[in-house]
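The same subunit A turns up in both complexes below, where it pairs with subunit B and then with subunit C.
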Partner chain A sequence: MKLTSREENGVVILEPKGKIMGGPDATMLHDFLHDLINQNKKKVVIDLSKVEWMNSTGLGILISGLTTLRNNGGELKLASVTEKIESLLTITKLITVFENYDKVEEAVKSFS
Partner chain B sequence: MGEIERTSDTIRIPSSTDHIAVVDEFLEEWLRIRRVPEDTIADLAIAITELVNNAIKHGNKKNQAKKVTIRLFMENGEAGATIADEGTGFDPGAIPDPVAEENLMKEIGRGIFIVRSLMDEVEFSFPPEGGTKVTITKRL
Partner chain C sequence: MNLGQLTSFIFMASGLILFVLAVIIYRENAGNRLNRVVAAMLSLAGIAPFSAAIYKSVIEGATGVPAWVGNMYYIWELFFPALLYFSAIFPEPQPIYRQHKRLLQLAFLPHVIHLLMVLLLADPDRVLGLLDFESQIPIVGQLLKVVFSLLRIITSFLGFLLLFHTRFFSLINLFYVVAAIYLLYSGYRKIENPRLKQQVRLVILGILGAMGLYVVGFLVPDILSTRMPSAMRDLLAVSALIVGPGTIAWAIVRYQFLDIGLIARRSLVYSITTAIVVGGYILVVVELGSALRSIVGQDSQVLNILIIIIMLLFFQPIYNQVDDFVRRIFIRTRADYSQLVESFSREILTIFQADKLATTVSDSLRREMFIENAEISFRDSDGQFRIRLIGGQGNVAIEIEPAVSGYLLSKRVPTFTEEFSGHAESGRLGGEVIARGFQIAVPLIRQDRLAGLLLLSAKVAGFRYRSEDITFLSILGNHIVVAMENAELYAEALEKQRLEEELAVAKQIQTGLLPKNLPALRQFEFATYIEPSRQVGGDYFDFIHMGDGRLGIVIADASGKGVPAALLIARMQAIIQSEARFGKNVNEIMTAVNQFISQSISPDRFATCFYGELDETTMRLHYCNAGHNYPLLVKGDGKIHQLDIGGLLLGAFPNAVYQCGVVEFAPGDLLVMYTDGLSEMMDADEREFGDKRIGEHAIKYRHQPVDAICSKMINSVKQFAADPAPKPGTSPIEIDDMTLVIIKALEEGGDRAIG
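The block that comes next holds the complex of A and B.
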């Protein structure tokens, strides 16, 4: 997995690419999300359009990021979720937990 | 630390999550050569990496002297795998329901649930010599 990030109107947009299956890739995303809190950056969108699939490790990282951000007055939103990941979010009922937008721009705008 | 061992249908790894990506490459190539549909490959890859993570962390407790063995098979219109660890076994019935309201925000505990959702059959066995062996199959 590769991870890039950018900032738009005070919102951090993370763009993981590849698969999130556990191991060093998962640690990287987890650490990145938690570092944002330390930098007082609490509005985060994860663009999942380039993530082929993830297993429960990936879902756990999303939940961990969401919980940590909310506990610090922030929010984590998902955008451009692929069909495969949306089906995992649905069967695990996590679809009810995350704000989920079709496009990154919509997710960013929702913070204003 | 130990080496990764491969045969035509089997890969055996030391108990470190650093090797998960190698397992994924091995299984995806094996299935793609046999013309398994991409969507099915993704489901099997999710399920197998899920079970390998469990075997490493919960079965072998990350003891790299212990191995996780993944054997792939395709027969009778089904593709699948067996994932075996060298741990002490566990009770699959004792796993809390991850979609229950009180468990929804937990970071862990969804692995087996996801595997059962994606696969057509999931069977746990506990060989007399020890460890947990999980056999998963998906109809093609």
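The block that comes next holds the complex of A and C.
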């Protein structure tokens, strides 16, 4: 997994690429989110358009990211979720927990 | 050659060997007091047989030789105070040397006086005549009477000495020998180094033997004024000369007595061998020559040359044999470093614990190299160098400045610690190392990193480090590094083995947690399959018998794999089993399970779980699906119904709400429950087997017995994934835990499958 990020209107947009599978990926994303909280940046959108696949550990990363941000008064939203991951979110019912937008811009806009 | 000549020859040769020994010992380390004293002692000892040989062959029986020339022989008596002096400083200076050094120097005085006496007053009769001055000089006056009385006392004493000097000084010498042996023994008792003890023991025994023979042969007869047969006396003298210097030479060659270098030791061995062989050769040539001459009856030049040629032909192979023998006996011993390296590496390469390695290396170095203290300092994970506590368990940090470790890393060879400061820009470096008395640091380098240091203190008895020592230490350093690597690999292997054993037990426990028998219901048939990807897995299924034809059915999948996942499902199983027996609704059970699990795990860990209660009387299944892959209810007409009602996966959101779903079984209906290990199984092109294919297979096989459906499904999944030739560049696909539970409502009039 590769991770890039940018900021738009005070919202941090993370763009992981590849597969989110745990191991170093988990640590990387976890540390990244914690750094954001330390910098008091608590509005985060994860753009999942370039993520082909995630396993249960990948899901765990998203869940812990969401929990951590919410516990600190922030929010994690998802955007451009591919069909495959959407079905995963549906089965696990996580779709009911994550705010999910078709486009990154919509997700960013929803924060204001 | 008669017996007298032979004795002279042996005397001469032993004298020469003693001189050679003295020169070698002096040249090897003239700066060391011990070497100087031993050299002086051996030279003095050498004078005795040498001058005896000259006396026997030249002076004895000759006329016109002044008496003092013969008395030059007495120089050798200085050997006794030298022996005393030696015993006071060997192997370490003793208290008597430190406190009464003057006394030891004064010990030479009696012998110096004796020597002067026998040289200046060599003709006792003439001197005694001179002493009788009273008869020659008339009485001058009362005043001089006092002077004369004094003179008389002195002259009487001198006269006594001259008459009995041999006996008197023999007594003194005997006293010196006894004192020296006492001192040597008390010094020997204080030695701790086993090898040093060995060589000192040998040297003491040698001196003791030689002195004992000398006392029996010379001192005792002199003191008692008896005469021993001269042949007996010569035999004792020769034995003493062989025993004394012989043991010292042996100690040098075999036990590195006096820190004599390997080359010097070798040359010593060869010169003694050569002397013996050449002596024997000359003896044989002379004897053979005279024998042949007596047969032929004339002296011929041709004959002499012929004998020499014949002997040369024999001499070379004999010399080679002796040389080979000597090399085998003397040089290929512990004294030889190549041998030492071999035994060392054999010893340390079989040690698999770092602390034991440090102890062994330390002990062996102290023993073999006469080093007072040798320690391995390992670098721990924080980059700190640690060193064993003296005499105790555990270790303590030792300061190695980065400049020092950098310098050692770049130098890569054993380095004298005094060099450290020379490379400091300011101040003194390696302070703690030097303060602890370490003189040499051998860098132990692993993968271009300084992994530790072998630190060596000074050698015992003032021995020096030689170039052969440095070469040896350098090689030894490499062996220690290899041993360290071995130890680490061994520890890892051991740890791995331990983990595997633990996992095997865990697997046993986990297998034990699964239902041992399939449920026996009248209307339903069951088939199950479970295969963890590792020893233990994160999948499980369970059947909970609740009586009245009711059965709880669980299938669950914890996130992740291996032991953490296994621990989570073990806990889940316990919670579900206890909650299910309270007669709660399935969604209430799931809510409780979720709350329990959420409290005990971190938010990035979770489990998906499907729990259903099958009632045989109503043919209904009440269920709650907490984020699990939808179980498929395959109806008789081939339609599939997904069991998706429930709520969020378990463990991540403590306040999640769960709902209850219900389905009704008709005869022949099939419920297929599985984990994502099945549906997400990938083929070589990374395509998934998929929920759709599972549904299709279920429809296809739905009329078969439940066991057959189960095994066919598993086979299909495995065949799908089987890839005889993986594409280059693709990583092998990691298989997840796989679980499949199939429940079939018996078809009307259909027979229950046997099995």
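Methods note: the second predicted complex is superposed on the first by the 112 of 112 C-alpha atoms of A that agree within 3 Å, B and C clash if a C-alpha of one lies under 4 Å from a C-alpha of the other, contacts with A are read in each partner's own complex, and residues count from 1 in each chain.
Heads up, the rule we're going with is that a contact is a pair of C-beta atoms (placed from the backbone, for glycine too) under 8 Å apart; a residue touches a chain by one contact, two chains touch by 3 or more.
No experiment lies behind these values; they were computed from the predicted model shown.
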{"item": "Which partner reaches more residues of subunit A (counting touched residues only), subunit B or subunit C", "value": "B"}
{"item": "Partner chain(s) touched by A:50 [first = subunit B, second = subunit C, both, neither]", "value": "neither"}
{"item": "Which superposed partner A:41 touches (first subunit B, second subunit C, both, neither)", "value": "neither"}
{"item": "First (subunit B), second (subunit C), both or neither touched by A:23", "value": "first"}
{"item": "Doubly contacted subunit A residues - partners subunit C and subunit B", "value": "22, 26, 55-57, 59-61, 63-64, 67, 91-94, 96-97"}
{"item": "Complex contacts: residues of subunit B adjacent to subunit A", "value": "17-21, 24, 39, 42, 45-46, 49-50, 53, 98-99, 104-111, 113-114, 117"}
{"item": "Contact set on subunit A toward subunit B in their complex", "value": "19, 21-26, 52-57, 59-61, 63-64, 67, 84, 88, 91-94, 96-97"}
{"item": "Contacting residues of subunit A [partner subunit C, same complex]", "value": "22, 26, 30, 55-57, 59-61, 63-64, 67-68, 91-94, 96-97"}
{"item": "Subunit C residues touching subunit A - in the complex, by the definition given at the top", "value": "557, 559-560, 602-606, 608, 626-630, 644, 646-649, 652-653, 676, 736"}
